[in-house]
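In order of appearance the chains are A, B, C and D, and numbering begins at 1 in each one.
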């Protein structure tokens, strides 16, 4: 049975002066596989990833590991524990409003000088040295004056240090009420088929502060920069945001299925050897990020969501009824909302009460089979 | 077709000085039936009652009405619109924490002098005069100096004025994640069988600030006071809190079924005449309020709720699994929670993340068939 | 120099399973003085008490102590760390809305049987045994099934265990924007003159869930119960809520002055011996709790508070201007608010933005010199 | 006396379906002066701007107006009325966390084609046509499908329509606890001396979503684009964010002084003619935006802020004491925080309770006399 080790990493301090820590679990492989980093629950309400890490730990103990694997549940000790009514208000820093998953650091500025220095180095050296450079640059930020780093940045940088040590990064999230979907960098499209996830968002090389981007953007830019120098270097790291379903829910059975899905991908990448985990046969649909439609409530009201998540909507189909009882007599109290194009319903808002302009749904449009 | 009229009642002002209003819909009957008052959404996240009022209005237009019926959706214009993340944080005043449904006024102090004055009056006069006295006393509070009434009290008193004009009061609520259940005063037990609701909580004559209590407690006390004087006066008003299911959800089909349930009761009370609405055949279970068990989380953690709502639990059955991933190695990461007595699971907390002591479930214990 | 000892007491667990603890500091006296318990920051934003405890610890190390003294800063580890925007939202449980200082337990039910058992016992035995009974009864509640105690109750009961071990209890709070004032049980009026606090609220023997009440009510009831049996037993415990000024502020100089104020009282009670701490000469004003006027905003708007806190208002004086810019042309945009009776302004709301019915001010009315 | 007109503009709808409106006040000048737009309270807690608009309206009625002037108090009807405890939680959308003042639209993309079309047009035509183009482009966004605009964007675009009609834009804000300061685009430095504001932040031509930037960036870029074509076109619009002091406060006297400050600037710009309003003599200090130091709390704790706002700090001066009472015995309980460079303290956090990484202060560094 593989040994799991545990370490607590301090990522901040709360107002009473006590430390904020995150638990880090590690398994060691034989060193031949890609290093793996998996974290969960950066957004407070998105708890199911912790259950997936639980099921992964239960499985990984009994597998043949080629890779070192690091797993971090409860990645955000503030977001995890921030309640507002029954709800876990952990999507953004309650003080500033900043999304906890928009505070990672972009190390794109390292790319050009690195390519200049390692222009003709062998691939393994590039991989090793650039990874080390990313870790080092992140650590340097953390070692800067304490007054220069805000709360969320300090948490993010600590996690980023762990993530940059890996070749494969999986950041486990959920939507509000959501079907399973995967954020996948365009270059890693082929890998998407090894997850048991029917919906795949293909994202370009733009940094917007999230962990997956912080992890793959520099490597993607590195590949591009080598190309400009006439050398073909593949993108050496893969990073995904895995959207497991709905927030505020723990489902251990579903978590086991999702663990199997991740293990299928990890087996494909030969992080786990001789494993029984194979991808399920399913039609996988993909959508380019720019075609991922945010559909905002066209009016304020009380919403009945009628589009089944994961379902394929035809143009003209009803996606919601909006009830407005303030003016039952003078206005139409019930409004039928239709979509004007074909789409797959991926997620919807968690509450029936919406202001005009609340994000009601997100849809795959112009989707295609992967 | 019966005519519906609409009036907006001002119940306060917000910080920019604009009025807070509630919409009041009225239908008139032939005057022979008991007057009916129905409100919804006093707690902001409990929106389904608005859909039930919508379906009631759609039905009531086509019925033969003996009764005047007043319906108030969106009863709480602050709670309705108070968002915190995706969640509607409308259970309590966000400034003070006071539960919006604990601010009604107890008029028990009117009882003794009323009985002295109307000791030998005919029942109809008692009914008419005591109802008028309750309305009047509520209005007097509202007419007091503006500085003497806090925000929630002003909303509550305005609603209470409307409610005291009725002989039947239905306050539509929901639980967090919940099966349908009914708060029913003990004396009105027989009426509970006319609602299509399988779970009935029988509550004593204790005032704790809620609308149903504010409406029935004085009449119950009046009946008791007459009894002490040797006269048998029934409790002349019935008031219920109807728990429709889960919060943050609009389901128009379910709302229609619930409207039918309320119309069945109203038909029985001859508020609606010659109607097709009859109570469904079902086993109805009742539980005394003191046996309604609040089960608090025995530890902090991430909860998988395993007891189906409405299901009958046997002592020793598992009701939840609690996952704690901070100390996967040094402690048991997964805890199985069992209940030590037979019970019906009525509702559970809306989130998987709980502190030690968060209300996890509520159970009927010592329940019996009605 | 007196030795301070430190212990952490666990009072709960948060959602990630980590313990919630409070720090407990203790100094030992020679055993001849009344035992003292001082806590601070039960409400999250009311932080100044922590600074007072800091200054007390700095002083107490150098005093001659007759008493054992227990000091608890950060009494509420949830409230302390609950942020909402810049504000510390720690007045009530963010999940339920329940005021953290309304969850202590009333042990009034112990009184009658105690008096029956110890009717003729000497005073020292009564004191010792009743104190032990209170601690024991509190501990029994804590030792009950984990599922029976909610989050706030568990914190409160843990603190109450410490408090019932003492003969003098000081619960350090602040108002929103506030002058210094003292909640003093009526029987302890004479003691109020030993604090350097100009405003004293005299409160009756009614339990409403606060720590001071939980501590003195049973002893007051005990005294009353003995009186009914014809025996004169004084109230043997004193408990106060000390309102230090405004929330969200740390002022170390002011904290030192407040520490001196508390030490003056403790010297008078001979907890601290041969001390230099004497009460300041000042006129102290008292007000009965029923005359403590909550003045709610008579309209929604933006408030300029014009009554200086601690100032003596004459009937007709302006206490606030309320600006309403929504209808500058059609209504009066600026309203002058006057008070219709003489009063002392004690505290006002922390924000200029108020709904109609927000508590604007609290005033001493019918006040008198102590 | 100049006539004021009033219009309500709908900027959204809340969950109960009622409209969200903002009040718009207008005065007409003789048409010879620059058009002026002034708004306040985009952030909910920053209410003092409403009082400044009140005092401006009182003054402007009696002035000789060359300019049309539009004034909008309560610019954000959601933020204004969002309470969380006593605090007005109106800095960001409570659902998404997005800062309300980061949702304006950048029209930089209009610049190049405009310059191509109006390369040799006279200055007045450029001014008129580009202003019209900005209004038009904003309106086109608003006229897009309702589902394409989120809540904050809709509010922002409505305000932006009004602002693009003006040549001078003043957005009235406050800091948390703050001294007065002015955000001034670098090109308008000369104008900064006409406000009675001692601290001026000079900001570059970078768009970050705020109203002032949305208003001046396109004009600045236009000027740059003409320069590239060899034509010298000045920046024809001035836009400032005016930071009036501290949030959650109404001070009518101070508001009058600030109105006078704005009128001094407007008189200088000949929007108001023959007026008595002249800038005060004072030393004005400026700081480049990149030198505006955010100083984050180096540790969690309870903060005593000791740097007076507006004061000139020397390197090594104490700016705060941080109290940490959890480990009074084992750690240093009181930490003195010093700044390692000369600076002017401009604002600090509104609460004493801070996490590690909470923004404690903002400082002007490398400041200079204007």
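Please note the rule applied: a residue touches a chain if its C-beta (ideal position, glycine included) is under 8 Å from a C-beta of that chain, and two chains touch if they have at least 3 such contacts.
What you see is a predicted model; the values in this text were computed from it and never measured.
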Interface repeat test, A-D vs B-D, B-C or A-C, passes over-half contact pair overlap for B-C
Let me check something: if the centre of a chain is the mean of its CA atoms, which chain is farthest from chain D?
B
Whole-angstrom distance, CA centroid of chain B to CA centroid of chain D, is 47
Quick check: how many Å separate the C-alpha centres of chain C and chain D?
42
Two-or-more-chain contact residues of chain A, please, as numbers and ranges.
14-16, 74, 80-81, 83-86, 88, 91, 95, 302, 325-327, 353, 355
What residues of chain B sit close enough to touch chain A in their complex?
4-6, 23, 25, 44-45, 47, 50-51, 53-54, 57, 73-74, 80-81, 83-89, 91, 176, 248-252, 302-304, 321, 323, 325-330, 333-334, 349-353, 355
List of chain D residues in touch with chain B within their complex:
14-16, 74, 77, 80-86, 88, 94-95
Can you name the residues of chain D that touch chain A in the complex?
12-18, 20, 78, 91-93, 95-99, 145-154, 294-302, 324-327, 353-360
